[in-house]
Amino acid sequence: MPMLHTVNKSPFERGVLESCIRLATKGSAVILIEDGVYGATKASTASAMVEEAMKDLDFYVLSSDLKARGVDESRLIDGITVVDYSGFVKLTVDNDKVQSWL
Amino acid sequence: MPMLHTVNKSPFERGVLESCIRLATKGSAVILIEDGVYGATKASTASAMVEEAMKDLDFYVLSSDLKARGVDESRLIDGITVVDYSGFVKLTVDNDKVQSWL
Amino acid sequence: MSDTKKFLFVNRKAPYGTIYAWESLEVILISAAFEQDVSLVFADDGVFQIAKGQDTTELGIKNFSPTYNALGDYDINKIYVEKESLEARGLTVDDLLKLTYEDEDDDWAEKDSIHVVSSAELAEIMDQQDVVLSF
Amino acid sequence: MSDTKKFLFVNRKAPYGTIYAWESLEVILISAAFEQDVSLVFADDGVFQIAKGQDTTELGIKNFSPTYNALGDYDINKIYVEKESLEARGLTVDDLLKLTYEDEDDDWAEKDSIHVVSSAELAEIMDQQDVVLSF
Amino acid sequence: MKFGIQINEGPYTHEASTTALNFVSAAVEAGHEVFRVFFYHDGVNNGTRYTTPPQDDRNIVEAWSELAEKHNIDLVVCVAAAQRRGIVDEGEQERNGKDGNNIAPGFRISGLGQLIEAGIQCDRLVVFGD
Amino acid sequence: MKFGIQINEGPYTHEASTTALNFVSAAVEAGHEVFRVFFYHDGVNNGTRYTTPPQDDRNIVEAWSELAEKHNIDLVVCVAAAQRRGIVDEGEQERNGKDGNNIAPGFRISGLGQLIEAGIQCDRLVVFGD
């Protein structure tokens, strides 16, 4: 029963992304939204944690939140998929349930 | 010009206490209030950071917030001073200014 | 789809600093009326919600921690606490409220509602749910 | 006490996720009218507030980042950015808006308002203030 | 597919309500049904007609009202959370002896059971918050 | 000593307003003057008379009104933040064409300059928030 996890907090200020990664089962999907999109970038203190987690989890990031924050897609960790809102909706359909990490 | 710093966030969920410790100058005072009082306890993953910081900074913790959360004073790191609200007010008077780490 | 769904309430925030813990408890109590299969998780700072010895007299906010004791009467007795979260905060199960229920399938014997589980066990439990509510 | 105080605005939160950054900027602009000695700090996720290239068209929230360019006109030109915060986020000063002012004591030469400073330097700057406002 | 939505934060203060608006718009555009949006915690503050946002910013409250009317979405404000935060409709005005009310068009105040019901009836419940 | 206070969060939602209430009470008890409390961000939600908290909980809005009257404290709600969040007094009601207002006794709506002024005039400015 695959689950979609949403993470909307910056990994530099909050422990939420770390908790999500710790408690998501293999094969789950994670979408980074709102301030959570900062977790999708390379060369930060959080990048290694996300890159390690990508062995077990599929990562997505919401394009409108990236653009709002001036994060160019060239700065994203390789293998993270950029989606728009219709892609976000599709992820909630393709997975059986959604857990929001607030 | 001594400064009083207030920290009201749990060190387990937020980076605020760490930022305060990084940016407070030697001789400053720090008062832990609200969810910040969890940073005053022994044997946690945050204890070592606080114990190290206590070499340069004076730590206080607000009694009413400790009691509300069921944190017994026996669990506090040695050397942290428990104050009530009148003690909190006195700290804001004795220091030249107050920085709230929000 | 069956009429009964597995509802999971995830509690990850400390009490009193913000109202999420209290208002989460209000939803949990209401959920009991709908005869669903309800489980609670306390992880991260959420474990502080069920710390024993809470006394808010000086602070002035209502102490809502006694209400957790009523959960057993509402047939809410699957309460999972993450071991790693307790340890990181220097806590053990002895620092928590003793939450119990009477098991009608076992001659109304009083049993513990709280189950301390590892991260890996908790991940599996969360994965089995139908509806996950977060606060 | 002199009529002029040293005001420090500490910005530690990311933009758009919450409104603190924007409403902080509104206070900063108002403060210019009071002829005080104003400094700004961007540290922790606050450095994201002045990231260049912000485009909120798709999101639908007003893009307030161009307003930072007006700070120089308001004589707000002491803007301190913590080096360690930039580095932790994989950023350099080139990823930030280029904020400048015209120095009336130097024949109106255009100068940078942003000063990247170390934690230790920032700690000293913060210590010299009279009033610290946090959002 | 049938969606239920929970929103925990007020408009403007937090992005959650804007995210939910964009999500709901995309869901109905994709042909899904959004059965109910349940406003809890500070989310109840989405339901006041007293807001006057800056003219160059979005009007979130009106956007919810319009979206709900267009797509027949049930906008429910939690009564207990609303009482703490001062969101009042005509019924609450009378019950609590207030001299007015501030509920916005298309919103109604009801109990927490409406959230659990949405969880039971919908294929997906998605929570937006802080 | 002369104190100014800034509050950034709404009552009930966050402990900040309760902490500030306790702090201000202790300050006046110790003989200090609290010149002004400035409500900013969601702090403006402290200033609505439409709240009806549970009977067994504290009434924070009333507590501010009473404390202000007793000790002559200026309770200022920021106008820009109030407009976004739907806190309205008679003047704002007229200016923005609203059909009512919800400001609580003892509170007034004014500009951000009042915060800077408090910073200039007070010996200490203390901020409570999230």
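A, B, C, D, E and F label the chains in the order they appear, each numbered from 1.
Just so it is clear, a contact is a pair of C-beta atoms (placed from the backbone, for glycine too) under 8 Å apart; a residue touches a chain by one contact, two chains touch by 3 or more.
As the structure is a computational prediction, the values presented were derived from the model and not from experiment.
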* Structure fact -> Contacting subunit A as well as subunit F are chains B, C, D, E
* Copies subunit A and subunit B touch; is their interface built from the same residue numbers (over half shared) or different ones? -> same
* Using the touch rule from the top, work out which pair, D-F or D-E, shares more C-beta pairs. => D-F
* Express in whole angstrom the distance between the two chain centres, defined as the mean CA positions of subunit B and subunit F. => 26
* Which integer distance in Å separates the CA centroid of subunit B from that of subunit C? -> 29
* To do: For subunit F, write out the residues touching at least two other chains, lowest number first.
  => 8, 12-13, 15, 22, 41, 54, 80, 84, 125, 127, 129-130
* Asked: What positions in subunit B touch 2 or more of the other chains?
  -> 8, 12-13, 15, 34-35, 64, 84, 97-98, 100, 102
* Asked: Which residue numbers or ranges of subunit D touch two or more of the other chains?
  -> 16-19, 44, 59-61, 131-132, 134-135
* Using the touch rule from the top of the page, what pairs of chains touch, sorted by label? -> A-B, A-C, A-D, A-E, B-C, B-D, B-F, C-E, C-F, D-E, D-F, E-F
* For subunit C, which residues count as touching subunit E in their complex? -> 3, 5, 7, 19-20, 23, 26-27, 30-31, 33-34, 36, 131-135
* subunit E touches which residues of subunit D in the complex? -> 16-19, 59-62
* Of all residues in subunit E, those that touch subunit A in their complex -> 1, 3, 8, 15-16, 19, 22-23, 25-27, 29-30, 32, 124-130
* Structure fact -> Within the complex, subunit F is touched by subunit E residues 10-13, 41-42, 45, 48-54, 61, 80, 83-88, 92, 96, 98, 100-102
* Structure fact -> So, in the complex, the side of subunit E touching subunit D is made of residues 12-15, 18, 21-22, 54, 56-58, 130
